[in-house]
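You will see two complexes here that share chain A, one where it goes with chain B and one where it goes with chain C.
Presenting the complex of A and B:
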């Protein structure tokens, strides 16, 4: 198992290198010169040329790419923001906690509520619990999160005055962003879980468990849930990537100084070091989510676990 | 001996329907039979005849909806189990009555190791600790010929025959009084089939268990059963001892079943299959359910219920052909 995780971590580094290469190339090919964008319309040709020289954007593609890759993966240096002249990493350190707090809590809530609702709906197929859950989740799935966020601001901040509408002052500031980025995912997760449960409820081994005299509660917890969780976990992994990647939207609606908003600002100002670092951060989070998904699989399903341990056994035999 | 001859299980007038798309499927129609302690009853018939539904309604594990038990009384050991509450019934399931399922490939939970699946039932029905249950489950595995050391292995690490043996170990773990074996050998190849049947017969003798064996394989019936009931379109159309049925099959359908088996004697070139198909269970024919396929059908067969005629002592047949013998 440890060997498997190690292998996955190595492949994650390859993915990050590929992501770095892609984002660098895409930004390089983007029309418009960063130096000119940074200086504004009134700058003279000379000023632009000097600026491009300081930024290093007047060098060839290969030179720039090489320097970027070495700085990122060998020296772990992410450079200074072109616009604000402060180190990108310093800014990231201030912003990461906000994005990660929202992302993680939202993720945990999505998993718990989504799984729970899905199980309730699936085990009560056709009854009122099922219809109510499905109606609510249908509504939530069809609501874009930014729109939901705006509605919440109108209700809770403008009309009721209970929660702050923007920024991060205290823990109450986190409530609306978390809810906005959770509800859609909860709905998707619940629907996915429900259909997985419906598949499993009819499985023979559930009848076997019932024939053993097992209680309905334990049948659900021991036999239905773990088997139904497999497809739902796949989705959950992709979902974490989605929450963090989608943080740009939620953070702009609530003006939260997080990584997503930082990236948006970077894109608008052609502040390439900022954009690159943010993209790499999102790639890192997504890869970690995928690894966690795979480990979760192996933990739940002995068939998958065996594939790795068997391979290990075989390798040991050969050695 | 007197205890042995007492009726142990009695099923009276069992009727089960399924509702699907507002159509009513008459799966089991007024089925009655009884079983003595230690005896084996074979239920034979085509796929879809309602054999499995009969077994599942004894254990009351039919999915409701779509299945519904409309009527009937099931008495076991003097207890009317068809009237028990769900909670009381739960204690009987897996304890006094247990079931061997048809398909060993899907009857085991793929995510739980086989040993734990056996001890799960043990812990529910006897007041023993987890360790004791584990030990007992290991013994059960040994009993069906699987080393106890394989307790921690998962279903995917077993072959089909071994999985079926695990299913059998699971069903027998709590020393049930009644075993419902639903085609225990259908999913296995012939060599394993014989092993599994021997195993069940051995264990049955050892534990003195009564058994209802569901099969469509007459060879299996010949090997294991005391009495046989032929099931057709949800009805028992012929009932008798194994000898009665094999030597003197009476109902045209039972005769047809035997005719469709290859015979070791004689040199017939072709088998004689029963013409036609099972009737649509949402729209059963009037009168005898077999009349559209029966070569001897008369006007009488097409209307009204056919009574159960006693052909000889203890040998019953639902066919007008035997009417005069009964009168």
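Presenting the complex of A and C:
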């Protein structure tokens, strides 16, 4: 198992390097000179050239890429914001708690509620629990999450006045952003879990367990759940990545001073160090989520476990 | 005089016909098709259906809530929201459709190539896709559309590119399942052209899950396009694209919520109907469920 985790961690480093390369290249190809954008329309050619030289944007692609890669992965330096001249990490430290709180709670809720609803729907096929869950999740899958967030603001902030519509004041400010970034993933996860449950619910081992007189509860928890969870868990990583990718939009709807909003501001101002750092952060979080789901999968799937624990024994035998 | 017996019409039971019959025997498919056809027709014939033009301003009736005169109310410039939604649907629907078609054409081509040739071609394509998918899809879409800039065509491009890694991977996985079939060996032994083998023999056998995916993807691309427009990276106001309308309405959320509600309802209805249809299509194509 340790070998497997090690292998996954190595692949995570590769993913991060790929992400850094990707974000650098996309920003490099973005039209518009950053120096000119930062200085505004009134700047002279000379000023723009001096600025480009200080920022280093007048150098070749390979030079810039090399420096960025070395700074990021060797020196762990993320540079200063071009616009505000303060270290990006300093600003990130203020913003991380908001984004991580929302992201983490949303991910846990997505996994738990998604699996739970899927099991309930799948084990009650054709009954009201099934139809109600399927109808609601189908609706939720079809709504853009930022619109859902806006609707919640209309209902809970404007009409009922229960929850704050903007910013972060107290813990109540977290409720709507978390719900908004959870619902879509929950709905998709529940639908996939349901079809996974339906695939195993008529399996012979379930019938055997029932024939032995096992309680329905135990059948669900011990026989159906682990087998149905395997295909559903492979999808989970994608939904968790979706939460990370969507956090910029949710933060923009609720004006939450988090990493996502920082990234959008950086995009608008052509503040590339900010954008790069935020994107790398998101790539890191999503790859951690992926790895955790992969490990969860390996834990459930004895074949993967066996492949990594028995290798030594097999090698000895072959020798 | 003998009457020649009328030749009995033989009921064709082609695969497509059988499929369509199975598909439209379900209410999901019927409802989904109905909604999407109604919305699409209303948007295509917006000139006839819409009561007002998309930029007709009625300064006597600004911010009006739904009434007999303006069934979904008017916005901050007194423009009829219902009419704008119908005209805007042309942008939203074609964004979803065109980007899905382009994205799928490219990803299918790459996926088939990778799956059929294997070896170096496969490694090259798939590693490239791995790099591509190092970032979560939505994030990649935001960044790519930053690089391309706002506007209709650039949004189409950004949405198509976002689809590539997932699409190519899925196509390749389907091709690999078919790779060892006898008909491929037969085609190869009579020296068919590679392109013919790939796209006349191989592809028709694997298209069905891709078709289901594409149906639902039209919906998710419409949502993503609206999201991009909402954060100012997609289609820009005053173009009445649904997401752009939401972006405009955002400023008035505290006072005039009806401006927020209707564009979202149109998006949700469209995506909902496409999802219903896609779900039904998956069931109809599933050989396990076929009688």
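Note that the second predicted complex is superposed on the first by the 311 of 319 C-alpha atoms of A that agree within 3 Å, B and C clash if a C-alpha of one lies under 4 Å from a C-alpha of the other, contacts with A are read in each partner's own complex, and residues count from 1 in each chain.
As a working rule, a residue touches a chain if its C-beta (ideal position, glycine included) is under 8 Å from a C-beta of that chain, and two chains touch if they have at least 3 such contacts.
Remember, it's a predicted structure, so these values are computed and weren't measured experimentally.
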item	value
Fit or clash between chain C and chain B when superposed on chain A	fit
Which of chain B and chain C A:244 touches, first, second, both or neither	second
Contacts of A:154 with chain B and chain C, given as first, second, both or neither	second
Which of chain B and chain C A:301 touches, first, second, both or neither	first
Contacts of A:215 with chain B and chain C, given as first, second, both or neither	first
Chain B versus chain C as contact partner of A:21, first or second or both or neither	second
Which of chain B and chain C A:31 touches, first, second, both or neither	second
Chain B versus chain C as contact partner of A:89, first or second or both or neither	neither
When both partners are placed on the shared chain, which of chain B and chain C touches more of chain A	C
Contacts of A:100 with chain B and chain C, given as first, second, both or neither	neither
Shortest CA-CA distance in Å separating chain B from chain C in the superposed model	10
Overlap of the chain B and chain C footprints on chain A, listed as residue numbers	none
For the chain A and chain B complex, residues of the former touching the latter	126, 202-205, 207-215, 222-223, 226-227, 300-303, 306
In the complex, chain A residues that touch chain C	15-16, 18-19, 21-23, 26-27, 29-31, 138-139, 141-144, 146-147, 150-151, 153-154, 158, 165, 241-242, 244-246, 248-249, 252, 264, 267-268, 275, 279, 282-283, 286-287
Residues of chain C that touch chain A when the two form their complex	130-132, 134-140, 142-144, 146-147, 149, 219, 223, 226-227, 230-233, 243, 246, 250, 253-254, 257, 260-261, 263-264, 267-269, 271-272, 275-276, 279
Chain A partner contacts - residues on chain B that touch it in the complex	59, 61, 63, 65, 90-95, 98-99, 101, 103, 106-113, 120-121, 124-125, 154, 156-157, 167, 170
